[in-house]
């Protein structure tokens, strides 16, 4: 095994210097947020990344937990085009569940692995200012990000803390909004000029047949969509990733939360394990992570 | 009216310089947390204090709100010697209600008055480490403060933010604890070496007959207790205040949240409106606020 | 009385933050410089302003004192168009009286009220460079400000000291000049980019009939002059104030030194007590001080 | 002449590094303050010393000028044991003459040679706090130094300015005092922990017969006094110098203001031109300046 | 292979944070300094260590090269008890060969791998002050370290440079000395309070039969010597290592320069590849590197 | 002699302030590098200059020493157009002699006079990147400066150290080059934006008949060349000096290393001893050093 260690380190160590002080926004969801074993592995990896000097910002959702709490309170969840219909009562359930419970469980989990995390909602220090969703009439208090005030997140990152962000927004009229976690993560990554935005979910990456693409650029993506290789619900995700890239985020990664240590492998090996989205297929960007 | 303004300013202005950069811990409760008008006045005052450079740390409870949420979920609240019996299910209700709702409502209220507040629980950045209550067998997850890690609160204060703290603690075994808000406020004030710990409640101060004492020292308090002038539930409160004073907090104040601007009057006039607790009746400390 | 205090503070406190670190140049003259009681009140106010973090720069005259010293030395004072005819002998009398006596008396007065003041003449650190007056042939060593070197005044202000400036200038040929105190104050305020230039004199403000104008803008002033409402010796004063405003000073104030605490009232209330000169009647500037 | 320059520089240059940032207090008096040519040479030297980084603090007297002004005002000067009897009227004359005229003339002189000087009296920033002289009953407002507040002088020195100090003191009761300039210089040198205190006067140094002593230590001085070699008015001067030395000033120098450039020669040559007072005759201190 | 990478990184990454900013002194010798392939691997590893923030100080010998140059110049090399007899002519040969050639070849090698190295001799900035060897009479200009002046090495390390040190010393009489490279490395490590002193040579570590000891403490070493398990020339090396440890160096390592990447493996794995010397067998120090 | 000292200091002292923190590059060669007495005087002067705060960078050659070492090794030196033909063997001899011996002797000499010098070659920290000479085919490893990386020299200068630079360069292909010392000094002076580049050699300056020119400007030089007053080998030297001047070096000086203290006299007197090259004959630059 020793024979392997040398090359692994030779490969990994330069990334540490490269990424030191850089910001990674991680959208945390899927199995990695449910399975006890994967949760621990994720928390361990995140803590390690923070300890080698990478600024980690977590964004989480929690739809299932919200539905469960609502049920217990005798409230039925309704969805339109994948967005939860959110009245005054439901936004309270969301605040209680996301900010009060799901968020704090992640904070506690990271603390158990030796990291220092801090729960954040969009209301704290006016962090996420929101607009009503275009379909607000039917969806109610569903919002979209109007502006991310990065001062507070920056403060936490500079202090070595890990912000764990629940995607709840506010507006000047005293309303609280339910915001899609993927969108919030993207907006935060753009506002922070993040080096990477990493989606940890149950999706392994972009498939082309059996193969997972290591790297995909804009032109390739357009071709794959035209050829039907990328299709269905994956299309908006891919388009959104390139939009985020265009807005100044270094790279977007899609990795499989079901594989242990996938986060480390994606970051510290040239090959990676998931798919990274880059602007163009030039040698520098595409040959490494 | 102009004739009055000069002297008011002559009296108030020196306090600003005196308190600039100092820390005030405010335990927020009672009518000031329920009445819409008083809530606004409180949020305005707190924002103003922060803007003239005083470091404000709020600690809040929320027993009524917890009981209400529990009820909706079909859970009965039980109390022993004034402490809520707290099982696993109840601690979840407490987290959701305190951290998810009550806390965020205060954050939002301050934001509406132009301040920048941040919701904090004892789990965030390992801020409140707890021990089980001596009667843990019957009370369950009721805890006492073992240690306050001030680094995170300090960070927020230095950044001009107002930490709004929900009194929830953690231990190394992964337990979450329900902590008494008055005790949490006192421990936090001690750990921060606060200039003042101010209890905003429905109590006007220490009464001697009709009169509210402006200032009370240790010896006087002992006499009043012996003479039965201070009695009943007030005795432990008074003793606890002097204990906090002995642990390094500058002054303890008891003020009436039902009176508009009572916070400003207590801080910026020689007379004040409530009762301040001081170690000894020497001229300097007792003659002003 | 308590009922009044809250609103007074709510009104005054934001000004402190607004003016912290800002520079106020105060031209000190009239009754406030002669009456023992008013002198003390002025020194107290000035000390207080400095203690809440406002940079105070005083400029004083002293014509009466100069005339008296001259008399004792058997020298007759002569004036042309309000300027003192100043030969070599007279400039010595001016230096001795202004820099040696009047200036030091103000320094001592402020010291007695707990402030730290420092006597400054235009010769110190080359602070006031002067040109001969256009009528130098008849007036002699009467000068006009050519340049204010702010380095020394800045140094004093940053150190929390109050510069008390005697309006004496120098040129490269070794001449010393007698400079009008109002003009010196204006030049200093411009050079320091002062937030306010406040004339404390025996004039209550700009009168329109019985009423003192709280605020006057350029257009209004032009109208009043045309209508003869502002007339006589007031016209050049008003024109000069607007010229100073145009040169970058925030606001000019004319206040009555005969009223106790007029300085505090002018600065810390929305209404003020004298007249403030502003560029235009927009809501922000005109509604407050 | 070139042959000489090398060795002169080899000798002088190390002193510059040695004295950079150090404080020299110079008591300025005698012919060097009256003769036009010597005044210019002195101002040039002082400016040069400041420009190579030595902190220069000047202290001046002005007895003759005071007597002259008093005369013009019809006031007779009286002296007791060499101290001027000083009533209220006389202290005004002293303030006007010293602070208003003599001091400002020195400031102007230095300015003409390219230096930046600042006039200072003991009243400015509470710099010289005074006590009444033991013979106050007969002497009136003659004072002794109670305390030197160095903050203001330090501020000026750090800013590259040359404080020119008129020896006038104050007390808490609002009195102003006339202080002996030699004593003021010594107290200031002690308070500033000066590297050197240099008396520029009409005395060439300590004579032993025809010879001027380059260096004198405490033991030698005692011997010379016992042997009558040092005698008369020189005895208190010598004793006072050693007392100042004991209070922490590095060296005391007595140099002849009548010789051009004597200040530079005393500071930048091993031999010097006057007499230096040192604690003991060890090689390091006695062999150089 | 991916399966291995996760654990390797989990193991290695914490060492990076642990060692960031710490100083490693590496004695470079043996095959790693001769074989082209090993030279490159060594230079690559050293550059990598420096890039992840470890302060690297190299010390090298060069006996063979010296002997070769001497031969070409027709000078015979003589040795007594393993030390080279060094006359004036030989010390010139040593300076030329070590400082001029061997040292510069290492600097160039590191430069080719992207590091920035700097050649240093003990004469540069008075870095290595030497004493004559006890057998100076027969050995000539062979010296021992009297003092290491660390200022220059510290300067280079803080600037991210790698000092490459040729073990040549000086004394106050103008002599230059030939110093044993192992001794120089040890003295430098002590003076720098190094975290580690690593001997890269042809020795694999301390053998006990077939097995290489991962860790050895003082008591064990004493036992092994008594039992004859450690014997011969290894005894003084082991004793010297513990002496260095006692003088404040964190750990001493003996690693095999013949194995590729042995430096990385020794530093970034719990097991290591060579032998580390520690004070006592407590869990923390002995279980990891 | 005292009479002379004053004016010498008045002349010299301002130069110290003027040159403090400025960089002087000194090309060291000729008699001043061979004669024991001149060597000591040079080292003393250089140390003194560094101690009064001037950043000194030395560049040296060593052709004679190289030829001698080569001879001893049985290698014949060959020259073409004044450049040494340099094969692989010869470059080793150059490295050994220049970097190992000549350079270290200068370092040691300065150390003996109390300075702190550091040997530097172009290989250290990639300081001198070289290109092959246009005549590389016949000259071999003779190089020209491609780029000076000033970071390392700057680091040394800021730390108060004196870099002593051997003119050896490197390229990216692993070649080492022999570079002309005059050219290296010029390139280094340009890269450092040096205040002065001083050639210490056996040339006294530019002669016009018997007279040495104190100052020469571009136009004058052109005239002298046209008139044949400057001729032969001096022409390229003069042209090169003006080219260096055009590239941003303040002044170029040619001084006689055979005269004791010539370095100090050139720098600290208006007249100087050698010839200075300036762009134009305006009063400021030409009247002083």
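Which chain is which? They are A, B, C, D, E and F, in the order written, and residues in each are numbered from 1.
Definition applied: a contact is a pair of C-beta atoms (placed from the backbone, for glycine too) under 8 Å apart; a residue touches a chain by one contact, two chains touch by 3 or more.
Note that the coordinates shown come from a computational prediction; the quantities given were computed from them, not determined experimentally.
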Min route length, chain touch network, subunit C to subunit E, equals 3
When centres are defined as mean Cα positions, the distance from subunit B to subunit C in whole Å is 47
Chain-centre distance (mean CA atoms) for subunit D and subunit E, in whole Å, is 60
Residues in subunit F with touches to at least two other chains are numbered none
Ring, read from subunit C with subunit D next in line, is C, D, F, E, A, B
In their shared complex, subunit A is touched by residues of subunit E numbered 1-2, 4-10, 12-14, 16-17, 44, 48, 51-53, 260-261, 264-265, 268-269, 273
In their shared complex, subunit D is touched by residues of subunit C numbered 69, 72-73, 92, 95-101, 104, 107-108, 111-112, 116-121, 123-126, 151-152, 155-156, 159, 161, 170, 174, 176
